[in-house]
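Here's a structure for you.
Chain nomenclature is as follows: A, B, C and D, assigned in order of appearance, with residue numbering initiated at 1 for each chain independently.
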Amino acid sequence: MKKLINDPEAVLADALAGIAAAHSDLRVDFTNRIVYRAIPKADGKVALISGGGSGHEPLHGGFVGTGMLDAACAGEVFTSPTPDQMQEATKVADRGAGVLHIVKNYTGDVMNFEMAGELAASESGVEVATIVTNDDVAVQDSTWTAGRRGVGVTVLLEKIVGAAAEEGRDLKAVLALAEKINGSGRSMGMALTSCTVPAAGKPTFDLPDDMMEIGVGIHGEPGRHRVPLAGAREIAAQLVEPILADLDFTSGPSIVMLNGMGGSPLIELYLMYGEVAKLLEKAGVKVARTLVGNYITSLDMAGCSVTVLNADDEILKLWDAPVVTGGLRWGA
Amino acid sequence: MNGTIPLDALVKWLELFRTEVTEQRAYLTELDSAIGDADHGANMARGMAAVMDKLETSTPSTADELFKSVGMTLVTSVGGASGPLYGTFFLRMGMTAGAVAEFDGAALAAALRAGLDGIVARGKAEAGDKTMFDALAPALDAFDAALADGTPIAAAAEVAADAAEAGRDATEPLVARKGRASYLGERSAGHLDPGSASSALLMRTLADVLSEFVT
Amino acid sequence: MKKLINDPEAVLADALAGIAAAHSDLRVDFTNRIVYRAIPKADGKVALISGGGSGHEPLHGGFVGTGMLDAACAGEVFTSPTPDQMQEATKVADRGAGVLHIVKNYTGDVMNFEMAGELAASESGVEVATIVTNDDVAVQDSTWTAGRRGVGVTVLLEKIVGAAAEEGRDLKAVLALAEKINGSGRSMGMALTSCTVPAAGKPTFDLPDDMMEIGVGIHGEPGRHRVPLAGAREIAAQLVEPILADLDFTSGPSIVMLNGMGGSPLIELYLMYGEVAKLLEKAGVKVARTLVGNYITSLDMAGCSVTVLNADDEILKLWDAPVVTGGLRWGA
Amino acid sequence: MNGTIPLDALVKWLELFRTEVTEQRAYLTELDSAIGDADHGANMARGMAAVMDKLETSTPSTADELFKSVGMTLVTSVGGASGPLYGTFFLRMGMTAGAVAEFDGAALAAALRAGLDGIVARGKAEAGDKTMFDALAPALDAFDAALADGTPIAAAAEVAADAAEAGRDATEPLVARKGRASYLGERSAGHLDPGSASSALLMRTLADVLSEFVT
């Protein structure tokens, strides 16, 4: 294993130290492994909290800041954080208007946030609403699975709903918007290589040089299918088609993210976006906003994912609203 | 009446379980690499290390306190799916145990059953979903049956451990319907479920301790 | 070779197509492989042009936009662009106040820009000034080498000098500032792995699992020394010490960049920055601004580099000025 | 007078050089991987392909036009260090060649010498810097000497090609002082210089063509 780390057991603590050192507008609670805004938002505004396993950076700590999240709870690599972290973050971030928990749909994340909600309600009396994102079309949403994974849409949702909370909308309205966004977006990912979990010390799976995984999530797990390695044009088709087959994106403008899994250089991500854009245009999807880069990653995995979100004037307005975070920044 | 279990035996059980998951850490992670995200070994080792640290600073004098403390420590130190599940298991054991300093077979069986019910309440797993349930459920059924036949606790625990390991092995052909492995669909078949493997260790260590300790 | 590409020969053209599709505020000249601002800056302002081989993204195309570059010429992967590209960019970007060529010190880049300058002066009569960046302390600046490589400082220089040009300073003042910045910054890089040039099809060099390269540039070339793999703390020391030994950074505030080589995930870059920050603090360096991420990369190489720049109030003011590019964005 | 070289022979030389750098592309890149950035093969192949495409659309009728067109095409299609260097080499050859349709030995030698001077003017290389100069300089010296001895052009070109290859091989132990390889310091020793290898091909293909064409 070749990584820029010290002790594999200390990766999370050491990385949090770096985030704290790099961002004076963030405050890091090292005991509870929570990243907060250094200056909390105004009283009376809904607070947004997210969290999950580490290894997906900039998600979630990189999205804490004006116009986006109020706090992010960091779990061990690929392991959801614990209820006490979320409960603490909920108590601290609450500005008296309630807190929205943004949870990616994984059994562990859901159960830990559930327990946190139970604790928070009983103990601190903070009003908590929860959105569970589940946008990954690689997984059938049926009683035969744990349901669709929460992936790329989580990033777009944190930005858009964060802007709405900043506007002062109440918890009910913020939750309703979050549900609308989650229902309006779909994602699909692929991997050229596995990734290496520091504590495991070797790649999670072996992938021959002439094969790739289609339908991977963001935890280095194998995907739905292992298929022969193909060119960018063919890969783009294998990602875009299932998305468009699952939901209609031709009725209005859309926001598209070409996301890198962490180990693929930007030149390849732009190249992939070029192929994706051609397919979307052919399909009659009007792309109003675009993100190309590493936003929700899987450690050092080489690969990418595509996320498409149905937008409208309100959503585009919220998208364009100022955001000041490590991972997304504009308008201020 | 087929024997009693002192509190020390229960603590020893946790100690032994900690040793096992630590030694089997790479194996559990290997299983989780095939159909999960390669962290089950680290999760269990971290959690049980936290549990033993906690017990060193404050060893409860009653079973309910003991198991509640174990459950809470797992919930707050593990995360992932196994944290809430094993955490709830021990929390529920604590709630049913009562403020006793020793167990008889029936009390232990009741506590374990309550723990399993907690796992089901939390995770909604059913038989054949390819989860820890598939190791624990047959184990507790076998334990109850053996005790009912008047089998001594230690022997009954042996039977339970055997059933847990059989249940673990039986997860291999299954297609997962719960947890991460379910994302793999058909590809999840042909691998043991990591959680069923750690649960088999939980039952085996219980049997080993009881065979030693029970008077 | 596993990459998100089509034909290895078409990587540059395909990537430019993606950049054009992703950024409506950029205009791409595909024939000459030049990235321009869609809306040129006002007449009478000095234009900034840079360029170099591809494979360093976001550098340079990702730094074209308000407050930074006016145009970027893209060469083949790791091959500097040609004089005709730079001459074309110079003619098109000139707003009547002259053009600054920002060149990284590599024999090829320097010679091609030289020829471009000769052509531009003779043919289009545009006034051209040139800054050649050479901040890499891994290379001895002597008659025994081609001189120090231009690396991380190039990014900071394009931002700071871009802000000065936006202010309306004349070419002489812009060049003077560029020379001041180049003289005030130093960098040092390392690699955990080699990178794979698409047209070559395999890693440029082999690096055993237990070794790393210290003192690498940004072209996948081997470094100054091959040493045993070490932890982040030790790596940080091997990068920071030669920088601090080469120039004093304790007299005023400084700007620090922890740059990823392209294949290292953000969690590792933050972890590295945490170690670097500790060393800088111990050495009495006061860090006023920080960048952590992939800014000047070497394709899919795993590794990182550290850049430290002596700043002052003027430089910090220019640093904080609005910038709107794909790679750096704030204040607008 | 020791033979004349028709324009076709010069075109054939470029054709052959193109074939060689294309066939040796992987080899040249291999050399550049060891002490450079793994693109010399791609650069030379791309450049000479552009040259031949250009010549197909418009074949100049005089040596000066021919070499200027070759030089300009290399300058605008290669980039890197080799683009300006080989480009300047041919541009300078063109400037000295004059509007002639054929060369004699002295004229060719003068043109080549002017080309080398151009490379030096552009890159400031000196003998032993571990660059293409170390293949070209000895080659042109040998060419001049042979012609002075009255050796026929073709034979003189053979001698020059041999000298170029000897010069290329002599770069192996050298520590580079120019170009990317110089960044490696001592580590650059023990490898052939990629540019000296492509230059050796340039001289060898010249010799091969002349042995065929010169009357």
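Just so we're on the same page, a residue touches a chain if its C-beta (ideal position, glycine included) is under 8 Å from a C-beta of that chain, and two chains touch if they have at least 3 such contacts.
Here the structure is a predicted model, which means the values were calculated and not measured.
**Q** Using the touch definition from the top, list the chains contacting both chain A and chain B.
**A** none
**Q** Can you work out the whole-Å distance between the CA centroids of chain B and chain D?
**A** For chain B versus chain D, the centre distance works out to 76 Å.
**Q** How big is the gap, in whole Å, between where the Cα atoms of chain B centre and where those of chain C centre?
**A** 55
**Q** For chain C and chain D, let me know how many angstrom lie between their CA-based centres, rounded off.
**A** About 33 Å, centre to centre.
**Q** Which parts of chain A, given as residue numbers and ranges, touch two or more other chains?
**A** Within chain A, no residue touches at least two other chains.
**Q** Could you pull out the residues of chain D that touch at least 2 other chains?
**A** Expected reply: no residues.
**Q** Thinking of each chain as a vertex joined to the chains it touches, would you call that graph a line, ring, star, complete, or other?
**A** Contact pattern: an open line, chains touching in sequence.
**Q** Under the definition above, what is the set of chain A residues touching chain B in their complex?
**A** Touch residues, chain A against chain B: 53, 75-84, 106-108, 111-112, 114-115, 138-140, 143-146, 149, 197, 199-200, 204-205, 217, 219-222, 224.
**Q** Note which residues of chain D are touching chain C in the complex, please.
**A** 29, 33-39, 41-43, 46, 75-85, 122-123, 175, 177-180, 182-185, 187
**Q** Quick check: in the complex, which residue numbers of chain A touch chain C?
**A** Within the complex, chain A contacts chain C at residues 2-7, 11, 14-15, 17-23, 54-55, 57-58, 62, 192-193, 209, 212, 229, 231-233, 235, 258, 262-275, 277-278, 290, 292, 294, 297, 299-300, 302-304, 324, 326, 329-332.
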